[in-house]
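See the structures that follow.
Here chain A shows up in two complexes: once beside chain B, once beside chain C.
Here is the complex of A and B:
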């Protein structure tokens, strides 16, 4: 039972704090900081389903976020849908897209799949940049009256913030739920030895396609919310390769394969990045530092921060999942 | 009609440069089972290497390939010791991520130095006119250089002792070690050669088109497509497959916008991987 896991309650407390601290302080700049942290956690947690659980590197995870943003923005502005409905539909559409795509490219094993995901990113970006209804390379804008339906821009920004926090909590709960399920065991089997898993009756192609599709849903919803909040979208910000990579750095830093690690890495890295971006000395070297960090973690601490904690306090495994 | 023909010939010439880039990727992949994700960044460094050298010594740009190749070999050894040596034998995930980390660092440093604005190498060879059409001199020279370097690699792999050692390690690392081959030296050498090939292809591209520090990514994708077309560990096959890809691009560009090309390449990549997992040159029985 998921309710008996201490981490489950930890997630709820964490999400509640994220939601109420900025509201209580009525601090808009804190809210803007935290929403980026929440997005980082959403991306890292869902990427973890692929990299950490299944052992498949997805270099193009950001595709889901960007496509979700496009579908959501299109529905919420051009079609004047309700924001929540638009975001959920975006999630569903992108998940189905991922399922169809996954059935094809997940026939590829290991590294070949990783290469294909780089291709997916470039292909989707070049498609969207040529797609007329979505404004080609200039993108789309949110007309100001779209915010009116949520009670004005000020109110709408808080609403989207709470929704994003909700998606963040759901992402972590989803990770936990999959980790303790039989489906999750199947994924771990694929990660450890795909041929053995196949022999033992795990339908690897279907499992991989499902997890690929599941890992697309919440990022797409988050993308729809986030780009609605930002008021605009274009192919270069929606499919920023850099963000896709930073997701991997976050996950490796925190500890792949663990629920808390993904969130911890996401939160820490986002804080580090906002520090680097605003510091005059380092603002040009954000990529160098991220790369260096990734290299150090891969070479010397493949388990990330949580792996290090496990080594230090073996009993922590029972609580911090 | 002559427009398509001209475009295809041009594609063929540029394709040999794609092939050269892919040879580097294919060699590293085949010998040590490492997918080198620094590839695109090194191609970009090759472009800027040529740019710097040409600014300092405005001689025939194609002569400057030699120092670029030498620098590429050194860079390759450096990257090998920093990021690859420690993950040999670990899961593929590790080498993917470690080479990727180096890629990020190179791009980061490059962006800090050169920003992402375009540069070009201002060197033009006279073209050759055949009938109504003039072949661009730079394209001819770049294709020629790519083919020469490619053949030189083939000779090296099949006619020299270090080349034989590389092939032996690629076939069976343990057996090669039992025969007294130091596999670490061989892996480092193969990696260095692969990086030098990538850098030299970047240098060649820089004489054809304007470039930015991010330009390598597109050529990296092309290299992946070419490598899977040719099948792993077949450097000469990669050269041929590169020419094929160039020819294909040349054949479609008169009809569709250039911005669609990544979509077509990706489609090709997936179809080939799913349909011919061992490359189109593999024998049916192999």
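Here is the complex of A and C:
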């Protein structure tokens, strides 16, 4: 039962704090900082389903986020749909796309799969850059008055913030739910030894395609919300390879394969980058410091922060999953 | 005792003099890192030169007060992801009175969502894409000529030289280039030119031979297009080495850079539409002359100003004039003064559209065309060839 897991309640408390604190303080700067933290957690948690649980490195994970952004923005602006409905539809469409794609490319293993995911990212980007209804390479813009439907821009940005926090909480709960399920065990079996899992009766191709599709849903919803808030989308912003790589770094930092690790890595990495960027002391060499710190983590705590915590306090394993 | 009195006197004097000059904060982000670093930093240098000159002259004088300028800026990493976070911070934490835009159209569009909701004036420079201004804003003011106008001058000039030219469009498949080329194509057809070939290439393309073969096969006599520095310079080099029989080559952005001269013979004859060139002799009604600006800029940064730098400086100048006319930094009054602005500075004419469906769009500024030519000593120099009133040399046509 998921309700008996302390982490489940921790996630709810964390999400409630994230939502309540900036609202209570009416602090928009804090909200803008935290929404990027939430997005990082969403991306890292869902990427963790592929990398941490199944052992498949997905370099093109950002494709779901970008595609979700496109579908969502198209429905919410050109088709004037309700934002929540547009975002959910975007999630569904992108998930189905991932399922169809996954059945094909997940027959590949190891480095070949990783390469194929880069190919998918490039192919989707090229397609979108030539797709007329989505504005080709000039992208789509949100008219300022589009926010009026949500009670004006100020109100709309708060609404999007709470929705993103909701998606963040769902991402973490989804990670936990899968981790403690039989389906999750099947994924771990694939990660440890795919051939053995096959012999034991795990339909590896279907399992992999399903998790690939599931890992696409919430990032796509988040993409729809985030690009709506952003006010515009174009292929270079939507499908940024660097953000895909950063997702992997977040997982390494927090500890892949764990629910809290993925979220912690995502949150900390974003906070760190954000602090260095705006700090008058460090802003000129922020990339050097960020790079150096990550190098230290990889060298001295290869299991990430959570792995390090497990080694230090073995009992923590029972509470912090 | 005497010393004490003197010290108190000095302190009071200091307090009084600093008390007179108030400070205005102008906020913006700069691409200190990432792909737009070079252009963005040139723009920043323009901002900084303006600030230093204003402060050295005692600040902006408006409504009987003096306002010194201070900047707050952050690195946006050439990425729109963080732009809203940083502009919110500039407005809410750093209490910026006015804002300048980031460099590039996508980043500016993203920042505008934030500046509009806080009803803050943002002067945009380095952002030519016109779409942002058609979305119902009230406080955006564009310094650059919109993208749709970039290639119109070239086509007008071509019409006077060779109305039967066959035109090929070869351009980067990016937001900026597409927004420039699409209206240009329509304008070329409107002028009666034969658009013989048109193809977009992926950003980062390094081998243009297939496209060049198609250009040759289409019997085009004029090539328009390009995108940014890397692809534009490669395209020019390969067009030259393939000995394509073209009478004119016009590329966006790249040939404006002083580095273009390093291409040697491949650089000769190439035309670039430019927001501003040091040779353009506009009679400034306000602010320094072009020559004074270029001299001060070169003195401070040891390099001639690019049009990004000029746009940055002019941005400050237009804001300064609006604050003076508004009698202080009140946002509504400054916005009204900007709406009424119609002024010629060293940068050319500046006038913003006040139509509700395109508020803030630049409608006064005109592009100039610069062509790389060899001077008497055989050295490569950029000459202004269009409009004729501002030319520093005659157009070389055909180039071969």
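One rule holds in what follows: the second predicted complex is superposed on the first by the 299 of 321 C-alpha atoms of A that agree within 3 Å, B and C clash if a C-alpha of one lies under 4 Å from a C-alpha of the other, contacts with A are read in each partner's own complex, and residues count from 1 in each chain.
One rule holds in what follows: a residue touches a chain if its C-beta (ideal position, glycine included) is under 8 Å from a C-beta of that chain, and two chains touch if they have at least 3 such contacts.
These figures come from a predicted structure and were not determined experimentally.
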First, second, both or neither for A:114, with chain B first and chain C second: first
First, second, both or neither for A:123, with chain B first and chain C second: first
Contacts of A:26 with chain B and chain C, given as first, second, both or neither: neither
Chain B versus chain C as contact partner of A:36, first or second or both or neither: second
Touching partner for A:139 - first (chain B), second (chain C), both, neither: second
Chain B versus chain C as contact partner of A:288, first or second or both or neither: first
Chain B versus chain C as contact partner of A:229, first or second or both or neither: second
Doubly contacted residues of chain A, that is, touched by chain B and again by chain C: 126, 129-130, 284, 286-287
In the complex with chain A, residue positions of chain B that touch it: 35, 82-83, 86-87, 91-94, 96-98, 100-105, 107-109, 111-112, 217-218, 221, 224, 228, 257, 259-263, 265-267, 269-270, 273-274
Chain C residues touching chain A - in the complex, by the definition given at the top: 32-33, 74-75, 77, 79-82, 84-86, 88-89, 92-93, 106, 109-110, 112-113, 116-117, 129, 131-132, 135-137, 173-175, 178-179, 200, 202-203
Chain B contact footprint on chain A (complex, rising order): 51, 55, 57, 59, 104-105, 107-108, 110-112, 114-116, 118-120, 122-123, 125-127, 129-130, 241, 245, 248, 252, 284-295, 298-299, 302
Touching residues on chain A, where the partner in the complex is chain C: 27-29, 31-33, 35-36, 126, 129-130, 136-139, 141-145, 152-154, 157, 229-232, 234, 236-237, 240, 243, 274, 277-278, 283-284, 286-287
